[in-house]
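Order as written gives the chain letters A, B, C and D; numbering starts at 1 within each chain.
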Amino acid sequence: MLEKLKEDVFRANLDLVRHGLVIMTFGNVSGFDRTSELMVIKPSGVSYNEMTANDMVVTDLNGNVVEGTLTPSMDTPTHLALYKAFPGIGGVVHTHSTHATAWAQAGTAIPCLGTTHADYFYGPVPVTRRLTINETEKDYEYNTGLVIAEVLAGRDPQTMPAVLVNSHGPFTWGVTPAMAVRNAVILEEIARIASLTVSIAPPNEIDKHLLDRHYLRKHGSSAYYGQKK
Amino acid sequence: MLEKLKEDVFRANLDLVRHGLVIMTFGNVSGFDRTSELMVIKPSGVSYNEMTANDMVVTDLNGNVVEGTLTPSMDTPTHLALYKAFPGIGGVVHTHSTHATAWAQAGTAIPCLGTTHADYFYGPVPVTRRLTINETEKDYEYNTGLVIAEVLAGRDPQTMPAVLVNSHGPFTWGVTPAMAVRNAVILEEIARIASLTVSIAPPNEIDKHLLDRHYLRKHGSSAYYGQKK
Amino acid sequence: MLEKLKEDVFRANLDLVRHGLVIMTFGNVSGFDRTSELMVIKPSGVSYNEMTANDMVVTDLNGNVVEGTLTPSMDTPTHLALYKAFPGIGGVVHTHSTHATAWAQAGTAIPCLGTTHADYFYGPVPVTRRLTINETEKDYEYNTGLVIAEVLAGRDPQTMPAVLVNSHGPFTWGVTPAMAVRNAVILEEIARIASLTVSIAPPNEIDKHLLDRHYLRKHGSSAYYGQKK
Amino acid sequence: MLEKLKEDVFRANLDLVRHGLVIMTFGNVSGFDRTSELMVIKPSGVSYNEMTANDMVVTDLNGNVVEGTLTPSMDTPTHLALYKAFPGIGGVVHTHSTHATAWAQAGTAIPCLGTTHADYFYGPVPVTRRLTINETEKDYEYNTGLVIAEVLAGRDPQTMPAVLVNSHGPFTWGVTPAMAVRNAVILEEIARIASLTVSIAPPNEIDKHLLDRHYLRKHGSSAYYGQKK
């Protein structure tokens, strides 16, 4: 079942390695099929170069394995919490990519310091609050998804397709697994430029009118970037 | 038309990727033919590894497409403003290369801290002022070109073939598209060395006599670098 | 003798290069056979790309060469001190990997700032005290092993498979040479993320409950990471 | 003439590129034959991938071209000044490698913060004073060699095979061109680790007894590193 989505999720997981976002098994990608309400996700602790598309695990919204012989990623409940909270998304990525993780560890939102950032993320990339002892000791992975949703409460997650989990690392999403990976790649680059920027001068936020101009020329009804469809 | 220039512009765009100056579609190169007053530029949002020389778009000085089926880069008006302002140049590059962008985001000119810099840029690499709301909301890309020209007012743009646009990133130029790319590569390296330098000690500008010596031994009538032509 | 271990140690040494942990001959891996109490180690100052599995040197616990025509690594006494002090380990790695060495040179333990760290190291990665003049002038390499054991006194070395030697660099270990290399790779990455983190904000230690959750979900009797064996 | 040395110098120049120490034509290597008192050096401004061993230029100690059709490197007088000042050396390298250049631009000697440094450089790597206007305007390249020799006055240049030229970049040397390149590679790495170290904590110099131990176990009559000859 969901052979096309398994192939997409498999390739998206390999793309994390190709883009230098993960070492060892420090990351995972899932895809979600809105019709069947089933998720396809990387198996837990399997190395990227031994994995095949067939090893991808299919689960329902409660995390029950529907197809596949391997155990799904430990982060399965986080992914599921995001698919429930954000109805428009079809792919989720989690990495420990170097620079985005540094901001998450600093417990600091990535300020919007320039147009590279504004082209893809409509404002600072938020960092979650820390989880409480109770949230950590019980249903930890699911609660991780909930604090991500909490920090975006009332916002369209498509305009901010990334959140940093405090003391942990980034999650990103998109309409497809490939778009979620693209957002993870760009997040890592803007995190890198931002940490260099603040090493040169105190943070210097972009003007609101420039943020609007850049974000809106690439997204929404008045976008004019790229080729006409 | 302009087949040779299309080929040059195409190759120069690929060189941005090869030198690690761009990820995704974060950059563009154009070339300008002074005789016909036509510009050749990368199409908007097309990925570098799917592009051919034939996809390059030809426009006139007002940005009208003269040849090509694709939409030209969104930054077309910026490039045109620079060809109008700087009569001697034949190539323009825009990137979001990591270290040069960090200085642009810091809103800080890159100080001339050593001979690596002095060999190619005759003094600090300037940063533009921020654009006003009006400049951002109307003719934004063209106004970006105008503030670049403004910050170099009264200077020979050949002696300072790069400017950082505030909260944005670098533009570079040269006699040809290939020379503009070369300047973008060197700008990124001197930006990188400069950010490391200021992390070690407060900025320590090069002596004026050393700047003159290095810049002038490579440029102008008394240059003695390289092989005799 | 110990042909399989020689092959493992040989490959583990090459993996240091492949993972970018060493330049020149700045590193070495050994393996230890608990049955025969013999160690296999890289020869001293031999370049990685000229070495064969057969060049690995076999020594006893006193450092006497039991097999092999080459001189063993200068760091042989340090490795032996660790095999004596830590009964459960079967592999030791020493590198001068860039970021871990920077923390060692700073004389600062790597604080546990996030889950990437907590997944593999159960708390801050300790730094040894400096060696005294006497410890340096006589049996220097053996004493280096002793200060590593000293800083872990009373702890299970499996829960902290890395120590930074002050003014020097990291040593890591594991059940096998390959696991010791894996720990060296992860140590370098968490050292890198940590130095970026403290450049953004003052150190912000992970909560104890989150450290426990992450370390214990991957290690010990209640671990639930990876595939069932 | 000097065909073997030309080949060595040619390969050493390519090694600068292979080790990532130079971009564009930002570096050069020479070799010196003590018998004939002739130097072989890279031609000026020729790109590394178009160069052949035959393009190497032979000069005498006064910089007169003895063989070769190309103009020698602009830095020829600096190299010659070093061969005159340091009788034991047979190879000189000049680069603008990123991290060593950052320290040169900071006008700061690289402190000896650890054993990686102590294994190759016997103390802090010195930085020259700035050149005066007169030294810059007349015989600039030769004077650059003189300030390098000045900062090492009274010391054995073999124990400190590198100096940073203030506001400029590193020069290194060795018994052969290949050894001079090796020293340039290691200098860049220790400069990189040092800049990371001082970003974590204030400089923390190595103890004198540890410096002695490390330097002397690899160099001089009591060395015990590597294989017996």
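The definition used in the following text is that contacts are C-beta pairs under 8 Å (C-beta built on N, C-alpha and C of every residue); 3 or more make two chains touch, one makes a residue touch a chain.
This one's a predicted model, so the numbers in the text were calculated from it and none came from an experiment.
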item: Smallest count of steps, each to a touching chain, taking chain B to chain D; value: 1
item: Residue-number overlap at the chain A/chain C interface, same or different (half cut); value: different
item: Greatest separation from chain B - chain, by CA centre; value: C
item: For chain C paired with chain D, centre-to-centre distance based on mean C-alpha positions, whole Å; value: 33
item: Distance from chain D to chain A - Cα centre to Cα centre, in angstrom; value: 47
item: Contacts with 2+ other chains: residues of chain A; value: 199
item: Touching pairs - complete list by chain label; value: A-B, A-C, B-D, C-D
item: Of chain D, residues touching chain C in the complex; value: 113-116, 182, 185-186, 189, 192-194, 196-197, 199-201, 204, 206-207, 209-210, 213, 217, 224-228
item: Residues on chain C engaged by chain D in the complex (per definition of touch); value: 23-24, 26, 43-46, 70-71, 74, 96, 98-99, 101-108, 130-131, 133, 136-137, 140, 167-169, 195, 198-199
